[in-house]
């Protein structure tokens, strides 16, 4: 049984269908990437898995539990976490409070402190600003904070919605290294990325969404070579 | 055969409910009594009612509606001074009389030929209270005033009536304190009164302020006589003061224990209010006043030979007005009532709180 | 006399302070200008009065009133707050005012518009120090208020629950994405702020031995003013604001007169806002960076 | 050659943190320039100072020859500089089209313009123009949507269109390609090239080096608020300091 | 028209004018809880002119409106330093101060109120209300209204786009004050009496209520809101003491069902979409 199993999921906003009949699975220890143009429904998919938008049909099973109707906090309790689109850091809290908020479901204070220090070690920009209000951070720093905050929840499956947005090339590399490293330590990842090339490189499986429907899925290597994908998402000839 | 229609502006909702929501019972009582005795000029009196909620805007709507739609000959009400201010001009334009049962701000009827009040000027009332204290040789060597600033009647009592009367009775004034109608904490004012230590405090306030100040006086251990006018007259006041306010002395225009007529009225009133499920069953001065207003209009209509004929409506309305203005010593529930410059002249009853109850100290006729 | 007036001002301030803190929870945290709070303040006093009239002992009546207020507040959450999410912040004002009007009129129907005498709990409730008169009830309510406020400010600033609350305050949507159980947290906050308002109402009734269906309006507005003077969202600001408004009121009554109370108290509020738009102890709201 | 933007000896610190230190560079007219650097280097801060969101601690800023250092922020767009935002800021109470109409303000700010009942006039010039701009960037179908429902990438592009509607000669774009997939980035590139052909000068903050390469003739590299390199990208990317601070080992992005 | 209907419609006309006085600044994000203060300025100002200086009404009423507008302009400058709920409270305080000042101003009667001699009949009031509505309809079709909404939505960005944010805010505030003053001036001359107690917080708050209840998204909201709040209590007249309780329940239920107010932009879109469907 897969860790996350999304079957025939449909979501709509009012009368607008955002997802139709989307199925997807993430095996324990896998990185799965979801690709698609603007408005394809990628963010909607992640939010639906977290339970932040109501689903109209289909099912979501996580770690052998049916979570289709569960509230987001229940799902996070089960080990899901989302690095949301647009970062959504809390500007009235300090950097450190934002990180601690990520761990709000945990009670193991000592481990929390230790992990927080590890995150500071990894993101030195954050360490320098730990007691400043998060509103002061630059765009990229906010992105780091959003990722760090998700790590603080110690999830089993981390969903990332365009995590490389606004990060410098050097840092994007570090980010993908980090994702692989966490993955090696047993974390499963569901990744939405516009940096299609890099995402396909690290992923074990990939799914392509178009106007809310799955149009392709399977092995990322094969997909990367698929001419249809080349045209649509890799900017024609070979991509970056 | 036409009925004789009277309009009646009630204040059954809004800020005056507690004072006004039993008025209707008194009006109905009077009308039933008159009709049971054959009505006026062979015709029955019919009352059309309109709840203004004490709101001046709704009150003007009521007057327009009585005058233009209901074919009323005269109007009972409105209740409050603010309403009077807006409805008297309308009544004047429409040519229909109004008679208020509660508004006691000074000078409200001035300039209106169709505006009447069955209330007594607070100046006259407090004059009688002091005269009574003097007669009974009660301590009144020094005085002070306490009043609500954001209420016309209260403020005019505190700043006009009380100082003038103190002067008339040669009582040196130690000063004045004021408060807002909605004030619940009168500790600073009472702390000031404590320093002044007057024998009498002239109070310009509705019952609520009187209760609050009496309680605070008791709390701070100040003993002085509070005196006031009709604004404080609430049959349940001693009960509501819960032990405070002994020696509170006021003048009012109605007291149920005066004679058989008033006692009978109070008994019947109690019966009816209880049946209607109302909170208060003791009549207050507005209940008595509104009861008398019906009789006063009835008397005026009788004298004017009013027929209720729709074709002669305008003429009959002004005839009623002319007769009301001329009424003299009409025997009524509240005593003998006359009209001078639109305002009723009637007896003043001096009441004192003793042992947690109103007791009649004196009955006087203003001159 | 001046000392007595200061004492009077502080005691009055203690009442405003609790109401201000209740408002701070509602606006500062839930971003909801909750006009039902003055109604809950009134309901606290009136229901305690009603229950005592029905023969309940004071403590039981007070508990009953608090429970009722908490329940009403849950209705407010359900019907005034929840449906309005995502709209402009001023919108829920309408239905919360609807609740105020409803509560007032229900009490009006039940008890009439008169001010009612709340029974004195002790024969003489006053501490007399030299010439000073201090009500025990007032003193107790001041201490109780301060204690509650201190506890609350600790929770908000230092605990995980506090961070969760502040997250909801900033953005409900983000809070949802962070896995905060809003469906539980928000009603809890409503209950807390209702309890504070109702408690203030009960203390008011005990202190001033009176209740009326309209007692909430004046105190409610002064409570909001106190919160704003102190700075929204700042608990200690609410304390400072409450005491300041209480003092300003008493001082202007005793030195100038009651006719100027509204001018001085609200003039002070206006002045403070113009000079310091975020209130005395409030932080300027953090803005999203461009 | 006249300059579109001239920045000299600019400094800015926040609560003790020096975000920009003695920074000088110029953007000549017609020479589109990129401002790059690691996260937190101060790129957005420069934009914020040019557009007047922040005051400067020291230094001068000239736009099209006009010293704007002390000019109130709202008047700066009138000197010919418009910008987009890193964290997209569309007005949630307005529809897409209305957002664009606000973008036209500089060109319609007289009292008469303000009081023209344009909504009563069918096909009013302003509406036509805004719609045309939307169609041009392929966003026509979103015109009457409320902005909060739009996908991120679409919002990003609307933000850009709004900035162009001011008719400014210098356009500052803060990470315009972030959140776009490669083919969408290509479309954006064509769009920007068309603007440049019409005479607009661009100042771009962007982390996608391919994109920068295809748009910008000149690059200014910031690190910790200081300029560490300047020149054509091909040369700058060989600079070891730039590699170490920004691009990383593989030299690609 | 029956006397009753005239009376009710006059009240409606005043409520409509007041509602639009609140609506305009609200469109720019200003929750003005002191609108009654500006009505008082218009009322007392114009009444003073007709009573003491024998000005004709047609001059005194606009003069009252201007006085209120000018006050709004002068006070708006400092008060608009505040935002959001702070602004609401500042205007609330302002309203309290203004009405307290009139309460103590003995030249206009102080607590006793101020009788007004000249009379403006119902038709004048109706015409004025229609005028105000037309003016607001016009404004809502201009760029001015658009930019007010922009300022409300995101003042920082509006500023960077060149919109004179402060000017817009002050203009909206002062215009709102002027409309309020206009309504107040007419009120004084229709009811022939003004008292400071009438212009209290509850008047301000209830006026805001009309607007929010009707909906702020379109220019029709205040009209519908004012109509609802004026007419429904009349319909409930029969239920006497329960009247306001029932009314409050109405408000709560309606708002729970239509949180953005009765009239919303979506409603209009729906109509627009339906209309062609129906005709085809």
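Every chain is named by a letter (A, B, C, D and E) in the order it is written, and numbering of its residues begins at 1.
FYI, contacts are C-beta pairs under 8 Å (C-beta built on N, C-alpha and C of every residue); 3 or more make two chains touch, one makes a residue touch a chain.
Which chain is which protein? Per UniProt: A, D = ABC transporter ATP-binding protein; C, E = Branched-chain amino acid ABC transporter permease.
Note that the structure is predicted; figures quoted are calculated from it, not measured.
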Chains touching both chain A and chain D: C
Chain pair with more C-beta contacts, C-D versus D-E: D-E
Gap in Å, rounded to a whole number, between the CA centres of chain D and chain C: 48
Chain centre separation in whole Å, for chain C relative to chain B (CA means): 37
Length of the line joining the C-alpha centres of chain A and chain C, rounded to whole Å: 43
Centroid spacing, where centroids are CA-atom means, of chain B and chain D in whole angstrom: 75
Touching two or more other chains - residue numbers and ranges from chain C: 108, 217, 259, 261-262, 285, 287-290
Where chain A touches two or more other chains at once, by residue number: 136-139
Junction residues of chain E - those touching two or more other chains: 103, 156, 241, 244
All pairs of touching chains, each written as two labels joined by a dash: A-C, A-D, B-C, B-E, C-D, C-E, D-E
Sites on chain C touched by chain E in the complex: 27, 33, 35, 79-80, 83-84, 87-95, 97-99, 101-102, 105-106, 108-109, 217, 221, 224-225, 228, 232, 259-263, 266-267, 269-270, 273-274, 277-279, 285, 287, 290
For the chain D and chain C complex, residues of the former touching the latter: 44, 47-48, 53, 85-87, 89
Touching residues (chain side chain A, partner chain C) in the complex: 47, 50, 52, 71-73, 75-77, 81-82, 84, 88, 90-93, 97, 100-102, 104-105, 133, 135-139, 153
Contact set on chain E toward chain C in their complex: 26, 31, 78-79, 81-86, 88-90, 92-94, 96-97, 99-101, 103-104, 156, 201-202, 205, 208-209, 212-213, 216, 241-242, 244-245, 247-249, 251-253, 255-257, 259-261
Chain E to chain D touching residues, read off their complex: 138, 140-144, 146-147, 149-150, 152-154, 156-165
